[in-house]
Amino acid sequence: MTLGHIMFYVLGAGGVASALLVVTRRNPIISALYLIVNFFCLAGLYLTLNAQFIAVIQIIVYAGAIMVLFLFVIMLLNLGDDRKLSDAITVRKVVGAGLTLGLFMEVLYILLTAGPADSERAEAAGIALGTVEAIGAQLFTTFLFPFEVTSLILTAAIVGAVVMAKKKLD
Amino acid sequence: MEPTASMTSSILSWTIFLPLAGVVVLAAMKNAQVRSVKIVGCTASVVTFAVSLFLWFGYDAAAGGFQFVERVAWISSLNISYHVGIDGLSLLLILLTTVLTPLALIGTWNSITNRVRDYTIMILVLEVAMVGVFAALDLFLFYVFWEAMLIPMVFIIGMWGGQDRVYAAVKFFLYTLVGSLLMLVAILALGYAASQMPGGQFTTNLLDLYAVGPRLASSIQLWMFLAFALSFAIKVPVFPLHTWLPDAHVQAPTAGSVLLAGVLLKMGTFGFMRYCLPLFPEAALRAMPYVATLAVISIVYGALVAMVQTDIKKLVAYSSVSHLGFVMLGIFSMTEEGMQGAMIQMVNHGLSTGALFLLVGMVYDRTHTRTIDDYGGLAKVMPVFAAAFLFISLSSIGLPGLNGFVGEFLVLLGAFRSTALHSTAYAAIAATGVILSAVYMLWMYQRVMLGPTRESGKYGGNYVFDIGRREIGVLVAIAVLVVWIGVYPASLLTKSAGTARNLIHMMDQMQRGQMPRYAESPIELLPGTAR
Amino acid sequence: MPMISNAPLIVLFPLAGFLLIGLLGWKYRNELVIGIVGSGVIFLSFATAVGVLFEMASLPEEARRSTVQLFPWIGTFTGTSGSLGVSVGYQFDQLSILMTLIVTGVGFLIHVYSIGYMHGDKGYWRFFTYLNLFIFAMLNLVLADNFVLMFFGWEGVGLCSYLLIGFWYEKTFTGDAAKKAFIVNRIGDFGFLLGMFLIMRTFDSLSFTSVMSSASVMPTGTPVMFWIALLLFVGATGKSAQIPLFVWLPDAMAGPTPVSALIHAATMVTAGVYMVARCAPLYALAPDVLMIVAIVGAATAVFAATIGLVQNDIKKVLAYSTISQLGYMFLAMGVAAFSAGIFHVMTHAFFKALLFLGSGAVIHGMHDEQDIQKMGGLKKYLPVTYATFVVGAIAIAGIPPFAGFFSKDEILWNAFSSELGSPVLWTVGALGAVLTAFYMSRLVILTFHGKERFDHHHVHPHEAPKTMTVPLVVLAGLSFVGGWLGVPASWGLGNVVEDWLNPVFEPARHKLMLAEHESHAAEFTLMTISVVLAASGIYAAWRWYVQHTDVPDRIAGKFARTYRILLNKYYVDEAYDAVVVRPTQTASDKFLWKGVDVIIIDGAVNGTAKVIAIAAQTVRRVQTGVAQSYAMVIVAGIVAVIAALLFI
Amino acid sequence: MVPIPYYLVLSAAMFMIGAVGVLTRRNAIIVFMSIELMLNSVNLTLVAFSVATGTITGQVLVFFVMTVAAAEAAVGLAIIIALYRRKQTVNLDEINILKW
């Protein structure tokens, strides 16, 4: 039981718990706050995998930017307590949950029946892998073209969001 | 002008695609430029006709087989190529197409008033597809042309047609599509079957497949035959798949009807001769009594129903069912007489029924009614028209000396002599069509043309006047062909003799227990002499 | 052989006339030019035919037959032996040249007559166009050297008949009559066509030469020959208006009178007789069919004569008389007296053309009145017509030495004496002769004698112009002397016609093993009886219509029902209408079109479309529009796919 | 070092929770957040595999996923705003104009 293990269990438990809370809370604001918790847990998990760069941008992009956007929208639409939606248990929900559970069982079955992972090699290679330097080198060489394309996606998303959120669509 | 060397070698492709030049020019014009649009359209089709004459005079009937063959790789991984070439049968039908298209355009010069440019484009595109169907030697190419033909025709019916044009267009479209999709499946299956042959590979090349089809197991052959036959039978149309025809004909504008009856229906019978029989001889032989029965039913049924029609165009449409029954009977008599008769009957029907639709169109332009009861005594006010109408009617009912007789006689004789059909009853019953055709045509003629003139002098609320020079010119052109074929059919029959002989040769091999192969060998041609 | 090689000109002259008048006539409506051209070409044909005849006569008997091939017509052109190959070729032998002479000779006279008769008609040029076309087609029929070309002529004359019956197309009934003629003829043609097919199937050829020579070595009485002969005879009944297809001929009188004379009396309607004669070698192989032919002929002869007794339209009387006379010709064919039949064709052409043209002159003089009850006493107004008409009537009645006597008597004698004949046939024939004599006399009396029953204020009878009377006189002469060419052999003089035709029919008669009978006593007895019968017919008519004019009405009153049946022509038209025409029409309309086509087939088509539409209506409910349900289906899909990958 | 399968199980669990949220919640915003959850769990898988195989590509992919997620969030939220303006609700059961 190393520190890594303890970190994993704590963060993993936090992540699952916060995820459960996200989907079960009635008030979207509370959901959003638990989502932030979830993001932080994930960032921590990334660190246990030595993926420092990802951990950092997880915090910046998700917890920082995207969540703000969510909260902003919730506030804008004033979807507070008064706009709570009654979530009675319906057939669809039961079927949906059941299906998902089935899927989970299938995945577990796969993971359990698969052979043990080669953790020795992973441990050796993992340390220097997730640095900003390593990722940057890949991004600007091998993945240069996709990287540039993402800028187009973002531009398109900005334009789209602005157009759609405008008060009056012509 | 002597054609240059490069032109002669690709003269067939020129014939197929020349109308597209007209389309290109038209695309740059406007619908409002009615007169120039018509001139461009007519010029394109007339030039195409002129080019196709090179085919007529260049085709060496003594050598037989496919000539003017061109082959360019297209989708090489599947052995699909742009492969065209013509034999006697294709030659006759291509000439029929290139003759009828300009005549249809000129004959209906003033019939279309809205969106003339689009209309002309459709007609020209239709011509490309029609000629392409007859020239294709690759099943894939054939299928492309076959389907391409649907598009302009549906628009012609659906946009420039009569009252119920949309219903008719959709009905026409769906009927045809049902059949052709099955045909596509059969084409792919056949190509796959080719790849299963020892050392074979997937191909849609017709000449290669001629060697593949007959080798297939008889049950497979039968299914493929049925898939092809359904598609063709709908197009012909054979009873009971004919009900799209009256609607399409009645609703289509005159030029549409002319080309529909004149050329499109022949694509079905052409398909039987070019694909069904040579590819699946065993299945064809098995299906023969059934198809022949349907053909006989078509003849009698079409004639009887035509008799009681109240709408002139519908009457002519049902008469087409009857006439094409003769073609089918000829093909499935599996005799040389029957085959030759079927081929010349295709041309005959194209000319006489095309002309009938032109005539009906001419009178419709004046009166705006197609109901027979609205007429009577037209001969007095439109004497030239009446004479032309009678002449074409006589051609249609098979008066000896005019074209219709040659085909009907050969077909009936072939069916009667056919040993494969095992019975003379087919021919005997079919021959009643000769009586019935006289009944419905002459009865219609009498009700429309003879008797006293309407007291008001108006028909359908309009004063009528006789046909003019342009219309007379078109009709005279057809009349000359009608007499020519009637008196000297040898000029056509010698061209198509090779095709008939090859088919019969193949069936003979079949019945002698040999592996049949659609021959392409040159034939010895004896100019017909009295025996 | 200069004439023979030019012989196709016989056919081409009328064609030239047809094209010339047909293409230019409508523009240059000069009656004189059209008339001269129209008649002239026929005369040229006639002259050529006469030349051929003389040349033929100068040759030895076995060398008289020759054929001329022009160009290949219908065939498969595949070079396979045994497949069809028919060319346009003409055959000149004793029979065909005789028929050609009748056609062109009588045809020429009628053309000349038409110049006067059709004077002033709007369709003058059209009339001559059609007439020339008719002669062209008829000559093809007669001279053809194969069945198909004969069929061309056969249908061609039918077309001309159609065109000429419907010549005055603005009247309603002409259209009906024309259509009826064409369609009834087509029914016969249907038989002819099938007969041809059967011949081709049996002999692998359609040329007369090879078919006849093949037939000469075939056994007698086989089923296939029975059918060939019978089917060809069906064709003949249509064209020659025999039972059961005679119904078109009386109606055909709607056409102009020269047409009735040329087509519906002298030439076209005898085509059936000619065809049977031409195919004599085939009929010789089917004695059963010959019997049918004889019976149909005899029955028609009497049947039509009885109708002729009571008709009041001058042309209708003549029409039924024609049908009756054609019956005699078929009777002759049926008892294998082929040359007698052809001889009757010839004499009949003379006197019946004469009678029709005479009736035309009467109608012309009476301003288009055709009802004999409204005539009477025309003798003094139309002397030439009267004289010639009487000659024709006596000829047809069979009084020697007029033409009809010789030909009819030869037929009757053969009907009695031939091995294929019987006394019954003779009796029926003789009965017909009495009736003929009676109704012809009645016609003459009612038209030319007795009181003038027409309206003097409106009708001023007048004699016809020269162009009309000259042909009448010529035909009257022929009706008088024409029979002398066929004086019975028993009289000791040569029977020119029979001797001339004998080589043509010898093979057939040989096949039937017919011998010449030399019982002169019996022949003279029968001859005398028939003359007496004819005379009694004339006498009866004289008594009833001149002396005791109340008798006919009394008889009509007494046998009212019979009279009505006869007047209405045994209701044959009505029966055909009720049994064939209406049921076919109703069944086609109500059952085939509105039933099978619209309800069953289109119902199935539209039904399929409807079923698909309904199915689509149901299935589209799946598209709830709620995105989550779609997502659920996606998840379900993933679960299923993974499960499949894992456990299958 | 924690074995990689542990991470995978964890990520599967979080993915499933997100999926349940997507399938069962009616509030569009929460559904949206559930989608983010699912994306994140996939990211975790990617990183875990990246470490397991010793290649950096997985992490680069995570970078791209985040970019797309950001874009998606922006557009998606804009759609929700537009929808809300029109229908005054974010209840997914009521937003079914695409039905049939």
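By written order: A, B, C and D. Residues from 1 in each chain.
Throughout what follows, a residue touches a chain if its C-beta (ideal position, glycine included) is under 8 Å from a C-beta of that chain, and two chains touch if they have at least 3 such contacts.
The structure presented is a predicted model; accordingly, all values stated were derived computationally and were not measured.
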{"item": "Between the pairs C-D and A-D, the one where more C-beta pairs touch", "value": "A-D"}
{"item": "Central chain (by mean CA position)", "value": "B"}
{"item": "Euclidean distance of C-alpha centroids - subunit A vs subunit B, Å", "value": "68"}
{"item": "Length of the line joining the C-alpha centres of subunit C and subunit D, rounded to whole Å", "value": "96"}
{"item": "Separation of mean Cα positions, subunit D and subunit A [Å, integer]", "value": "6"}
{"item": "Between subunit C and subunit B, distance of the C-alpha-averaged centres to the nearest whole Å", "value": "37"}
{"item": "Multi-partner residues of subunit C (each touching 2 or more other chains)", "value": "628, 632, 635"}
{"item": "Residues of subunit A whose C-beta touches two or more other chains", "value": "92, 96, 99-100, 103, 107"}
{"item": "Pairwise chain contacts, counting only pairs that touch as defined", "value": "A-C, A-D, B-C, C-D"}
{"item": "Residues on subunit D engaged by subunit C in the complex (per definition of touch)", "value": "19, 22-24, 31, 92-93, 95-100"}
{"item": "Interfacial residue positions of subunit A with respect to subunit D in the complex", "value": "2, 4-5, 8, 12, 15-16, 19-20, 22-23, 25, 28, 31-32, 35, 38-39, 42, 45-46, 48-51, 53-54, 57-58, 61-62, 65-66, 69-70, 73-74, 76-77, 79, 83, 85, 87, 92-93, 96-97, 99-101, 103-104, 107-108, 111, 114, 116-119, 121-126, 129-130, 134-135, 138-139, 142-143, 146, 150, 153-154, 156-158, 160-165, 167, 169"}
{"item": "Subunit C residues touching subunit B - in the complex, by the definition given at the top", "value": "69, 71-81, 83-87, 89, 145-146, 148, 151-152, 154-156, 159, 162, 166, 169-172, 174-176, 178-179, 182-183, 186-187, 189-190, 193-194, 196-198, 200-201, 204-205, 207, 210, 584-585, 587-589, 592-593, 596-597, 601-602, 605, 609"}
{"item": "Touching residues on subunit D, where the partner in the complex is subunit A", "value": "1-10, 12-14, 16-21, 23-27, 29-30, 32-34, 36-37, 40, 43-44, 47-48, 50-54, 56-57, 59-60, 62-64, 66-75, 77-82, 84-85, 90-91"}
{"item": "Residue numbers on subunit C that touch subunit D, as the complex places them", "value": "620-621, 623-628, 631-632, 635"}
